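Order of writing sets the chain letters: A, B, C and D. Residues in each chain are counted from 1.
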């Protein structure tokens, strides 16, 4: 029987050749950060370290590549919903929505008001549950496990509501071109949602005390991974990361979709551009999202159908979309999430291209920001950029 | 059945035969998960670890060091690029070790059945003890899978690590078919200092 | 292909009807300002906050340099493989933060030995997009130093899998074995 | 020929078993209490014992040479020696005129043992962890020493049993204002000695994934777990002896130890981790200043 473990001779040889710290020159060594690592979520960074400082970082993505865009070309339009939502796992409603919006635009459908309201609520709920997840991630990276544990427990409340609305916990397959798949279960669901929002609002100060207003959190994030406005724009940084550098760009304000132009909310903007600013922008956005959900609930769901009436919808697998192309994007917690759909008039899309925000945050920006950072800052920068590897790999 | 169990013990630790039930109990009650989020199933790990499901009640906890890990959770689809790392990490873990695959994708490809970059049958490359179907499996299902592994450990049927040793040639042949000959020496050398 | 004729048809209609209408909206002013600097391009307005330009491939770098004054962010570079026409369509998608306008900059290059100048010097982030387009379609971006296997492993990288002529089912059967076919009960059609 | 005193031998063995067992229970308490703070049920109290048993039952497939094997043994030996110097409820095997110094520095030796083993494993993460560990040790020496000097100056003795006796007459150390300051300093250092946040820089799972512990598995890790348990017991006992008046029986000692442990757990669950340079700066700033004040007050 062949032994599984590494033979001693090979190890001896490695020792002889002094391969232990991968010496490049005298003081530098190579550190493989991920994919088997707590901080990176199946994503790898090769760090060339000089003592405690990162001299050079090379991002090595691709562990999660499934070829979504190729697969989407093989599947009918409505089946693609069940596929594309797997691009962004923490807020799977975002890919559903952008794809549906793009297809709606190609067909020229006027989505019913009720469906738009439901979609908007779902998006905001997805944002909030993603924020809760981010609190956990960020807390874990800096070694504070308590708020993360609380936050994920609060996220469960949203997942329960999602489950009642859509039938799924993580993957909802709910928003489809033309509307949504099912109606709201009833008024009790709206009441529960309002209770959850109120509950989370009352718990926000706990997070402030323990995480966002903590002396050591400030120490860990202040002045770490600084980028300025020009750098951010040139590197296509979007979302909270861009707003932390002083650019008030938010898709919900600048390219309003759904009901956002009727809602009253603010975009938090900070100028510093370091990790602390990114953390605080996210902190304020949580508040704004709760506020938006409250407004939507005050507005109440408009009456009417939740799906467009179209005789062609009878035969979904053979449902044909006219020729054309469209780009739709929404503001996810990570940034500007967009999808470009090209149709050639058949029942399958000709090309779907999804633009995840981490595509820019996770490669060039990360490599630039990591240069000169301390080893302990690497997870902080990763998490304050809110890098989501499936966005890059797809 | 009993014959197989005896074999299991003698194979494992002859000197501690007397304490074997004790060790089995300890193994069952203290499963450490290798913290390797291999796919989208990783998203259900934090809920499992937190207030609503709390798997630490059963002594399960994620551990970043593969050398100390017992349970390898393959959370979701596996791409060939990840599979190389999974194999290396699996071989770094110390016996006895258990593999649980989580979700439909490692079983038969799931929704990615025609994708060029997703491994279709995970058990061709590494031995599997328990598989949970579904996409995404609910945390309850994962807990059920973990309970199943606990039962298997107690009865000595969780012998994936042993199968891997016994059928190493077969597994290695499949791995080499997928990655090409000599991939360990060529690429593993870069990741791990001692290979 | 009808797909590409459609914007042309619109344009002809727009040139007549839209010329007086252009200055009224911010999109119109934006397109006009850019077209003044880059007369070789064709510009049109698709809808509110969406504009479109068609640029010949050899002047794309020049055009994007002009456009980058107004459009600060390069959102993505989409490649569409028009197999029947033997062309790649590259869609540079730009976003203007100051004006809140999204622009498609379209260009077409032949499919064989596709080559493009890099736009890394205008937007450094283009490095990632170009690496991706190179990896999945095999377009060579001259001046980009990091082209090569990025997301894929070398074996898949050589196939450029997003090309339309890449036979996915055949490749999957070759790599992972043939025992996973999904036929319907009569074994005639693939079930997806 | 000196005859073997069987009573003492039995007492030592009993004490070791007790200390190891209680140390494991302390680790269990640590995990349970953290779980309760995080609103979870948490593992049973005896969970660390199960973990250690399981690790003992693993097949070791890799060794990195003699030093690697020797490290954990060295660490465990040093911890046990330190334990035997501490007066635990009228039992103290070794006693000398300056056993405070001996215990204080024997409690730091285990770290060196772990470092020794980790360094020879050749994993770069372990190497980074070792560097961090050594720097933390250097950083915490100053406040640690100052706190001990304050104690020694106030009670006028280097002998632990004498300090206990004096405290039973004059009241606990923390009732003296100067020593209260020393207590605060010692408590901050204690956090680093236990390897808890904000000073768990050495293991830092999200940064260097367990650091020195990364390469240890199976029986080595079981030894290190045992060592950690004994060390937890010894350190809490040392703390209780110095500041909480020692104890005349095991129950009293246990209560004081658990009280000390809970302070550490509460601090650990509400503070994130420092980076290594911040930790060094921190140690040389506030704890040092408070320690100097404490020393000056006791003069």
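As a convention for this text, a residue touches a chain if its C-beta (ideal position, glycine included) is under 8 Å from a C-beta of that chain, and two chains touch if they have at least 3 such contacts.
Just so it is clear, the structure is predicted and the values come from calculations on it, not from any experiment.
Computed from the mean C-alpha positions, the centre of chain A lies at a distance of 42 Å from the centre of chain D. Note: centroid distance chain A to chain C, computed from Cα atoms, is 24 Å.
Chain A and chain B have centres, each the mean of its CA atoms, that are 28 Å apart. Chain centres here are Cα averages; for chain B and chain C they lie 42 Å apart.
Contacts with at least two other chains are made by residues 4-6, 20-22, 37-38, 62, 65, 67, 70, 74, 149-150, 153 of chain A. The set of chain C residues touching two or more other chains comprises 152-153, 161, 168, 192. Among the residues of chain B, those touching two or more other chains are numbered 35, 50-51, 64, 81, 114-117, 193-194. Chain-to-chain contact here is organised irregularly, matching neither a line nor a ring nor a star, and falling short of all pairs touching.
Chain pairs that touch one another are A-B, A-C, A-D, B-C, B-D. Looking at the complex, you find that chain B touches chain C at residues 80-81, 108-109, 113-117, 119-121, 124, 178, 180. Touching chain A in their complex are the following residues of chain C: 1-3, 6, 49-50, 72-76, 78, 80-81, 91, 93, 95, 97, 100, 102, 104, 123-125, 127-129, 132, 136, 150-153, 161-162, 166, 168, 192. Across the complex, chain D is touched by residues 12-13, 16, 19, 22-23, 25-27, 29-30, 32, 35, 50-51, 54, 56-59, 61, 63-65, 67-68, 70, 92-96, 193-194 of chain B. Interface of chain B with chain A (complex): residues 34-40, 42-44, 46-47, 49-52, 62, 64, 66, 77, 79, 81-82, 85, 89, 91, 111-112, 114-118, 135-136, 138, 164-166, 168-169, 172, 191, 193-195.
Of all residues in chain A, only 61-62, 65, 67, 69-70, 74-76, 79, 233-236, 238, 247, 249, 254-255, 323-325, 327, 329, 336, 338, 340, 342, 344-345, 350-351, 353, 355, 359-360, 363-365, 392-393 touch chain C in the complex they form.
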